[in-house]
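Each of the next two complexes has subunit A plus one other chain: subunit B in the first, subunit C in the second.
Let's turn to the complex of A and B:
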């Protein structure tokens, strides 16, 4: 059951349209390009009118439909270790079983594998495995890790040169078209417009009560802009609509929408670090809203662009802007900077606490998070909570354990704030529910 | 006056003492020899040894602590599903055992080492910490320019820290020094492949680990003395199979594990244990422009030895492994990867598919650097060796 707003229907339509168009891409003569979410070059791809595929989106969508377990087991039967990234195994398992995507449509094979290697070393290994499966063009974009926290001119020039010498020529080859720079600029201008609206939406959580949940709701908000729709008219319309809805909620003093309706009483304001669990997403979310906990900011919603922190694509400098985008994605930042981002958000959003959700599959996020916990506590004086599960492997999700930890953490926050035992948890106000099959 | 050459037992005892000294006393002794000497820690796998050495700094590979210390505080920084190397490396730092180092260079080996670089920045602010992201791109001109910039910046930073002029003439000498060590490493590899019964894996491993923290020419001389002494042993070959060990390039297996595999019937004639101090291809060669930094960069870009942390641009890693098995006269491959090592473990299915096609037998197991139980591995290695000897397959 979910309370629907028009933007939710709009996003559902966008996603359905994307998979439908993707399934027709070969028939319509549109080359298919596999790439990854962080640091993706969707505006450039759109300038060539190719159809992008994001394997990690397929994985998370499969997990939300409870299909990832079978895919993971298939990959493990093929020799992959239980130790390694479950996104990779979910994708390879799906491929082994016919590459039928989460909506039931077959994902067409790629004409180009475009490895935008940003913020995750495992992406490179994943692509080596995918390349083995397909006889197609491969383009590698190495985006240097910003180890010292500063994007240097040399890094930017390196990425731009690779775009000019490697990525664009490969796109030209598979499409038979020359790059239309004006078209790219137009895409980037629309990206900027949508980014403005999305950043506004996330910043609305600075108000009390927050009209949004910037983590559980936030993952829906980032869907279009992190994937195929950034730079499109559809994205501009979607984010304008979303902003309008949030403005209304803000004016009405409403809390965020949860699967059980509007949250009526904001008891705790939290900042969250790390991706969510996708196999039990609703149950995971429920642990928080049952306790009146609202996630007012998150880092996961910055893996595909740090819009909330000011990044905007710049149509005046298209390739440099794409390079800056790739370089500045959250997981491409060093841990001290990531800790400062978290600490700043705790202060800017007037949060009571912060929770780190550590996932087994993602070393890019997880390795060092216990260090970040200490650093953010030092920087803010606010105690942090720590929970663990996985992205798309249900074997590593323990509802009771996580619920117990979150409840204990919130009780501690309450006691710290008031010196008194916590009140009974608020229940969401139930309004206009409809069944979603 | 004649000097007495140390016996091989004395040499090995010295290597063992050096290995067991987690406080890096020999590095401290070297630094004490001159006020313009630094020691720079290098995490696996890539380290620009020539550049570091040219700045008057000793490259010191930090490959975790293995089972030589008990990791307590380091464990508090990592979840159970993260490999062990960063835990023990942090433990070494927190215990003050790495105080002799003036800085640390972190290469982009994986996300764990990448993130450790940030932890190091805040935990050990006295260290000069640099992150090197060697190009993975197939586009050579951009890659060369970028790596040249990064290494030049590193060279200048190290020289400034050491109080010496960043004169590129220093790099000429450093390239020659490292080439001498590379030549000795190649000679060691050839000798081991030729007579593994005279060069037991544990000794070779200790010798190679000594290269992690010795001036290159000193190590080359040490290797020469060891090879002379080992050749004079005159041991007889035993009925063992010959294997390549693959996947242990970062977190190291305990020495006892290597000994167990060998005693179970496997001569390890090739391994990737000490990538970073082994030549990955041709040594840097000065070009027409006479720029030694460009030579170092070109050598990196010409790397011919694949590894799990280098983009397999042409999808040939499996074929190259199979060719290597043939070249060193191995009967099979032992995949030994640390638990939770994404690069090594994600490579295995790709590599084994090629081995299957070539009918090259293999077996695989996982370990942690502080693994204490070897019975299962000994039995697995023994069974593997027996089946290869009996049927030529695993």
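Let's turn to the complex of A and C:
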């Protein structure tokens, strides 16, 4: 059994507390705002004391508890095709079945649908469907696509203007409160503090052995800061605690924690692109740690903030800072920039290779990934691996197929590294091969 | 003699290859994969060992060698047929009611097949990729139909007994007494007098030749099920790369279409993999798809390719989904498409899918080597040639006659190379310096 560290329990408690508190929001007179992880404006929402809901987080949490399949089938019975984003179907299916969230608490209906990131076109359609269902207020923030990889002053000003003219007035309308700028600044200052600690944690993977798995462990680390806790005292405490634990692991020369204990022998260092599969998360992870493969960096842990790359919220310029946050999240970057991020990480973390996990039901994110694979190979001279499955639809996940590909890829890396075939097959004493002739 | 064993447990066939210290192939075995993977692998391994002994015998026997070796496999199959006969008797006896009454009918058919001997179990059948089960089952069906029509015995019930028995029989291991079988083979080959005595003596000699399996590696679709330590398992992608390199050293791209997987592999001048792509969990367009097509058309798998080659105009196929293979064919035949045109279209569809994987893996570099069960299919090979030329220009496309063994050969080579150099006899010849 895995030896838990205090931050693991703390993270779990935060999540459970969030869902429990959310279920009481209406009773407590807190308006409920649905929004998405990339480019979320949680500090602004907290300044208005609303209860945020992240439908894609509900979907992945449902998937990790093996509940997404039923929700997806429910949505498909309602007419949604197999090819529609499985996050969307999981959410709509959950709604159709009473909107009982992953922890068993009921998710309250929204007072406002706040679309604060438009890099994913599906998000817009998703909220259109929810708007039909709930007939509530909608605020849409159009975030320009950073097509050439540079955030310009004009882009920033465009987003700030929308915050002032569209988003803040809508929040004021549903809450009946005026924006308290000092409260927002205080939120942003705490965000910055937690971001510092999280960035340090991710950077710790530059060491050998890496004390963390920045992908499979990383998705737990990003949980609080990507969702409703950024800017909270709870988040500051959690990330300080996490950093302390990682500092200890680093000092002790320990590898990352896996579901089967600390990884002893770091054989491969990998960078990963794309979200994990959530329905078979543990099995997916096991394929890697069974082979001694550690994910030292990932792009998925940057979809809700590029802290490793230096982004920090700035309390001195609150609205501009929120605009920069929305504009610079990983999902808003063009393919050359994404390739560059991957290549930089391969070099910075001294990785042996990189793996792209392409997601069937997410066309907007998966399109172009094979092109990126070749680009990153060119930029780094390191060969890439490619696997395919899905976010929360178990029908698209094939353990044997993915295991085959990852094992083959790692054996290929080994052969290339040593210029020779993989490690010696042992002498046959370990197995009895009877000769019958 | 020191040998290295490579085993490739595929979804359709299980292969074993033995190489010696100099990486020469000395024995090969192949059988159909069945529900009991361990038995399939063990049969392939034993056949490879037997093959290695027969290869030794060939060297010693000179001109009589080939006839004896060929007769050996016939005798070996007759041995298996006898075991099947026993299983059929036991199965019939266990059927309540009329089982015992049907037993003689089943027995007579099997006895007739045993009398057919080398007419039934011949090299031609084996070269078509038919295994013991395929050969025996096809013949049993034909004979049972005739016999039941004559005698009035219920054909379905006779077949029911056979079907149960063959499943049991093929999941049992049979010990083959090499010396006895070899002696019977010598007789079957028609050797007399001194030649006979000399040949039988060779059989005894090679039966006791010491084979030391110094290393082994398992690979293939079912490799995780092999009773091998984890360190002795290799990905079939690496094994196909190394195996193709060993067979055809100029190979730079490998296309392997097996029963469940299609893989496009790029290798360097040492046979090491530099990039690869394979199908996702959907096995559309893989070998299994052709198996379903063959069943749907009541054809043997080996008949599909030649029939497709007679087509003048390939039908347009929209899907290579294995699940809908039957529907696809029936729809096309229903609107009047010719069978050979449909088959031609199906082969092109399979290769179109493979071309996509090739492109994703880095294209087609000269030379391309096509491996896996589907490489035996001439229509697939033709379609590949056409499409490679259209997309990439002139490329040499190799289909080795032994391509089915590519993965097992790569595994055997990994086993051989895994043994430290100082442990090899050749190392002893090298000067290690004085003092």
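Everything below uses one rule, namely that the second predicted complex is superposed on the first by the 416 of 437 C-alpha atoms of A that agree within 3 Å, B and C clash if a C-alpha of one lies under 4 Å from a C-alpha of the other, contacts with A are read in each partner's own complex, and residues count from 1 in each chain.
To be clear about the criterion, a contact is a pair of C-beta atoms (placed from the backbone, for glycine too) under 8 Å apart; a residue touches a chain by one contact, two chains touch by 3 or more.
All figures in this text were calculated on a predicted structure; none of them were measured in a lab.
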Review point. Is A:388 touching the first partner subunit B, the second partner subunit C, both, or neither of them?
Key: both
Exercise for review: Considering only the touch criterion stated at the top, classify A:370 as touching first (subunit B), second (subunit C), both, or neither.
Suggested key: both
Exercise for review: Please tell me which partner, subunit B or subunit C, touches more residues of subunit A.
Suggested key: B
Practice item. Once the structures are superposed on A, label A:17 by its partner contacts, choosing first (subunit B), second (subunit C), both or neither. Key: neither
Review point. So, A:83: does it touch subunit B (first), subunit C (second), both, or neither?
Key: first
Point to revise | Which of subunit B and subunit C A:338 touches, first, second, both or neither | key: first
Exercise for review: Quick one: classify A:70 as touching subunit B (first), subunit C (second), both or neither.
Suggested key: neither
Exercise for review: Using the superposition on chain A described above, determine whether A:253 touches subunit B (first), subunit C (second), both, or neither.
Suggested key: neither
Review point. Which holds for A:6: it touches subunit B only (first), subunit C only (second), both, or neither?
Key: neither
Exercise for review: Take the contacts of subunit A with subunit B and those with subunit C, and give the residues found in both.
Suggested key: 370, 388
Review point. Subunit A touches which residues of subunit C in the complex?
Key: 5, 45-46, 49-50, 53, 175-176, 178, 207, 211, 213-217, 224, 227-229, 231-232, 234-238, 242, 261, 270, 272-281, 360, 413-415, 417-420
Check your understanding: Which residues, counting only subunit A, touch subunit B once they are in their complex?
Key -> 78-81, 83-85, 88, 117, 120-122, 124-126, 128-129, 131-132, 140-142, 144-145, 147-148, 154-155, 157-158, 161-162, 165-166, 334-339, 358, 360, 362-364, 366-371, 375, 388
Check your understanding: Inside the complex, what are the residues of subunit A that reach subunit C?
Key -> 370, 383, 386, 388-389, 396-398, 400-401, 404-405, 407-409, 411-412, 415-416, 419-428, 430-431, 433, 435-437
Check your understanding: For subunit B, which residues are in contact with subunit A within the complex?
Key -> 76-79, 81-82, 86, 106, 108-112, 114-119, 121-123, 130-133, 135-139, 141-143, 145-146, 149-150, 308-309, 311-313, 315, 317, 339-343, 345-350, 352-353, 366
